[in-house]
Amino acid sequence: MVQDRRIVALFIGSISLLAFIIGGPLIYAVMLSFYSARSFMSEPEWVGLSNYIKVLQDPLFWNSLTNGLTIALSSIVLQVVLGVGIAMVLNKRFVGQTIARSIAILPYFLPTVVACLVAQWILEPNYGLVKTALASIGVGMLDWSSHAFTAKGTIILVSVWLWTPFVVTCVLAGLQTIPTQLYEAARVDGAGAWTQFWHITIPGLRSVLIVVILLRGIWMFNKFDLIWLLTKGGPLNQTETLPTLAYRKSFIEYNLGGGAAVATISFLLLSGVILIYLRLFPIDDAKQGR
Amino acid sequence: MSIYIPGRVRMAVGLSGMTRRNFLKSAAAVGAASLAAPAVVRAQSGVTLRFLNNETSVASQAALKKACDDYESKFGVKIIVDSSPISGTMQKVMAAVAAGQPYDIMTSGFIAGILEYIHAGAIVPVTDLVKKYDWGKKAAWEYQGENWYYPFDYNLVVNYYRKDLYAQKGLKIPETWDDFLKNCQALTVVNGGNVDVGGCVIPLASDSSTNWASFGNMFAEGAELFDKDWNVVFDQGENADRATRFLDFYGELYKTMPPGMNAVSYAQLMSLFATGKAAHSVYSGRLVEALETTNPELADKYGIFPSPGSTGQKALSYAFDGFCVGKSNQSEEAIKFLQWFAEEHYVDWLLSAWMNNHPARLDIYENERWKSHPMIKKHWNTMMTMKSYIEGDNIKIMAIDTSGPSIDMRACNVFNANVMPEMLQQKVLGNASSADCVAATAQRIRSVI
Amino acid sequence: MKSHVERLPVDSSRQIPEREPIRPRSSLQHGSKVQESTFWKPFKKLSAKIALYATVLVICLYSLFPIYWMIISSLRPAERLFLDTSLVFWPPDLTSYVSLFRQTNYIVNFLNSALMAVATITVSLVLSAFVAYGATRLRFRGKTMLVASMLFAYMFPPLMLAIPMAAAFRTIGLTDTLWGLLIAHLAISLPLAVWLLWGFFKSMPFDLEEAAMVDGCSQFEAFIKVVLPLSAPGLITVAIFSFLLSWADYVFALILIMSDQRKTLPVALQSLLGAHDLRWGEVLAGASLIALPLFVIFIFCYRYFVAGLSAGAVKG
């Protein structure tokens, strides 16, 4: 096929612009991690790997890494399990199905800032709805922001509420593509609901789930705003994750090099994990290749 | 990554190409037009000053806007006011400098911030302007022989208490830690395992509000961070004992505080007291304003007292609010404006937060217009009590960022790194022993200075 | 928000209706139970129905309630805001909204946000369409790599991309401008957009374009006249994702925008909370007003959104 010059030109133009917009800052940020810049004002000074050494020796870094992994993993597992469950229910035929589906997807449309405000409002330990409701049945409410476990739990809870709908939507879309004949055949063979779910639904959703977990994994691991708005990394750095640590270093300690080093390490770690993930769960089409 | 279309969905959408193209075209046109708007503003001729204001109450913003409009109509100098909540002001000032668009004037709540600005070369001194007036205790502080800002209030952190509850329980204004603790315990209401009404609120979150409001009792006890030669002595000799005692005391007080203290900052300190969820709170005069607007009933039932030490010493924490002038080729214009503002609109500005803006400039106390403001009149006793705190010598006026023998970056670093708030967290959230907290804190102080 | 924990067991009960057709079959093999089974059948069907509707109801409550609570709280008068936890509130009190408009540049912030969203949608649609189409139809090495590399853009903490951007914008004079913010929003929306559209174009058979080209179109014209209109669901999905990413962005706006006149909604809203006084009423009113346009758009676009997703987005 003849290649249209305009297509080629527009492609090259667009891709260069894209590379410039995304690649530029990325490279700059990585470079910054080799410099020491005490503040936004001072001239940066080349320090080689010293930012990395400092970061890796800082117990707070390892603490943040494990916190981040705990939060991201538990949140993703819950999102996926709950998301598949909700999608299975909403995939059934019932009156008001469209409305129910819209409602179930609604939270995904809320900006993170709004979701965090609503969560803080509802969970406010002195006048919040949960506190009042619990008090009316004589139960005390946990001071969630003061304990590591509940603070992490709240972050996970809000992220699950906010992003499960993404999983629901994708799984619903995936369910459409599983031929109904498969289920009919299974029924003829006397397979129970559980067997059907395990042997037809899950394999049918496999490719969707691989992509969904991939995307959600990347996004959850790099989540900054949700955690910062809910706990600011507290109590006692127990919900500090790599993105909040990078922010703390850059904007509170004015240690831009340190912040960039944290971000770069986080980037490398995540890239590594994703590459392994893609090796384990190849996304079909890489094989088909076009 | 395979992303394929099953045939059946492909044609599903009936949005015609025509409509979409038109939509995109007009959207692009609107976008381009509005994106260009800011550039037009900047291209205007004449001087334009940029003012960063962290006094974000409606009245203060209105007073400032009025002053700016007035100035523009008289002198043709336009002033653009940006606002920032107090908790993010410093970051914003620094970011603006870094971005090459420094503010010409900014309000600043903490000396810790001002010293950062000085070191970043972001502001110029306003010594001549400051020297024209008579100032209250400490207000005309100098650094490197210059005055770096024009203060307008003290922000003394006083302890608020509920007169009605004190009367009910027959309590007296506390003179010592024991008194205070007993009062707090007596007023705590526990319900279903939760503190329903807190005995007191003294913040511990990692932010400036804690640095500002939580250490009055420690100051009264006389625990010093530094000696005369800037050695860290917080964990040594008598200081260590005092600090340890203070933490023990704070640990006991914490048990009477309402839940969620880890998220309590400026706003919550006020709202907890104003909604009756705490029987004591620490704050500046602004809490009185909050009572008047949100719960007027309580506005007749509050009283104030200075922070006690363990055996009756007294101290108060403070943090001036004031104006700084940014370093740029417009600095002179900015100083001119500030001078005019200090003459023409200062009283209006102060009255826009009538109780919070507890004047640092002494001539204001004689100003008829200021004195005759109905709210100042109504709360005259409180205002005069606060004035007495800055006059006598029996009450220490101290702050974390001005600890040590002189105003210095070292104390400010301790403030900005939230070392002291984290000490409180270690004590009550991390359940560490007071002595360990003090030792760890002294170590942190050594590392951040 | 608590309820999701309780939901898990319900999910398995959802399986009941599917079990129905199977039970009788297996019981046929044990002849004695036939009678009983047919007798209970209607009841089982009914209880399955009830279980299904109950589950759906719980899902809807769980998704909707926090939003409902936000809106209803914003309609309470300030003095009752902290004390009142009734589930219904009437008559609504608009004080918080009035005061929100009085003390903030809400309308300006709203327009900024809307402008950003429209611009982000437009530019990312155009650019991603060219990139995705090129990546599927042009012949060159490493096409899959190219698209896979889009993902890497999301692996660097977005916050740390904002700092270099701020520095770069300083040198080219885009500091504190919406142009700068637009570039940032494109950086977060483009990779996903390219990825989604690539899936679309790739699955679209060449035959269609070839037919058009036989009729005398150039490839470019075929792309514009044939491929794009057929990709409408994909384009709409991309538009919606771009909109969401831009409209909800807090991080970039926080760092790149300084003046009040150029703040977008999320940042303006958050700055209400950091102030001296607690304005929950206004904050909740503002939050409701941010959510509202989303819901309106959602109602209109939901169908296309799901169609687009099923068509391309996350297909394996």
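For clarity, chains are labelled A, B and C in written order, and residue numbers in each chain start from 1.
The rule we apply is simple: contacts are C-beta pairs under 8 Å (C-beta built on N, C-alpha and C of every residue); 3 or more make two chains touch, one makes a residue touch a chain.
No experiment lies behind these values; they were computed from the predicted model shown.
Engineer: Using the stated contact rule, I'd like to know whether B-C or A-C comes out ahead in C-beta pair count.
Structural biologist: A-C
Engineer: With centres defined by CA atoms only, which chain is the most remote from chain C?
Structural biologist: The chain farthest from chain C, judged by C-alpha centres, is B.
Engineer: From the C-alpha centre of chain B to that of chain C, how far is it in Å?
Structural biologist: For chain B versus chain C, the centre distance works out to 37 Å.
Engineer: Would you mind pulling out the distance in Å between where the CA atoms of chain A average out and where those of chain C do?
Structural biologist: Result: the chain centres lie 14 Å from each other.
Engineer: Would you mind listing the residues of chain B that make contact with two or more other chains?
Structural biologist: 1-4, 6, 95, 98, 275
Engineer: Using the touch definition from the top, which residues of chain C touch two or more other chains?
Structural biologist: Residues 82-83, 144, 148, 167, 202, 273, 310, 313-316.
Engineer: For chain A, give me the residues that contact two or more of the other chains.
Structural biologist: If we look for residues of chain A contacting two or more partner chains, we find 127, 177, 207, 211, 283-286.
Engineer: Can you check the complex and tell me which residues of chain B touch chain A?
Structural biologist: Those in contact with chain A are residues 1-4, 6, 91, 94-95, 97-98, 120-122, 191-194, 196, 205-206, 258-263, 272, 275, 277, 416-417, 422, 425-426, 429-430.
Engineer: Would you tell me which residues of chain B are touching chain C in their complex?
Structural biologist: Within the complex, chain B touches chain C at residues 1-6, 9-13, 15, 17, 20, 24, 27-28, 30-31, 34-35, 38-39, 50, 55-58, 61, 80-88, 92, 95-96, 98-101, 265-268, 270-271, 275, 286, 290, 294-295, 356.
Engineer: Looking at the complex, which residues from chain A come into contact with chain B?
Structural biologist: Those residues of chain A that touch chain B are 39-41, 120, 124-127, 131, 134-135, 138-141, 143, 145-147, 177, 207, 211, 232, 234-236, 251-254, 283-286, 288.
Engineer: Tell me, which parts of chain C touch chain B in their complex?
Structural biologist: Against chain B, chain C makes touches at 78-79, 82-83, 99, 102-103, 111, 115, 118-119, 121-122, 125, 144, 147-148, 166-167, 169-170, 175-179, 182, 195-196, 198-200, 202-204, 225, 228-230, 232-236, 255, 258-262, 271-279, 304, 307, 310-316.
Engineer: Once bound in the complex, which stretches of chain A touch chain C?
Structural biologist: For this pair, the touching residues of chain A are 1-4, 6-8, 10-15, 17-18, 21-22, 24-26, 28-29, 32, 78, 81-82, 85-86, 88-90, 92, 94, 96, 100-115, 117-119, 121-123, 127, 129-130, 132-133, 157-158, 160-161, 164-165, 169-170, 172-174, 176-177, 187, 190-194, 196-197, 206-208, 210-212, 214-215, 218-219, 222, 224-225, 229, 242-243, 246-247, 250, 256, 259-260, 263-264, 266-267, 270-271, 274, 278, 283-286, 289-290.
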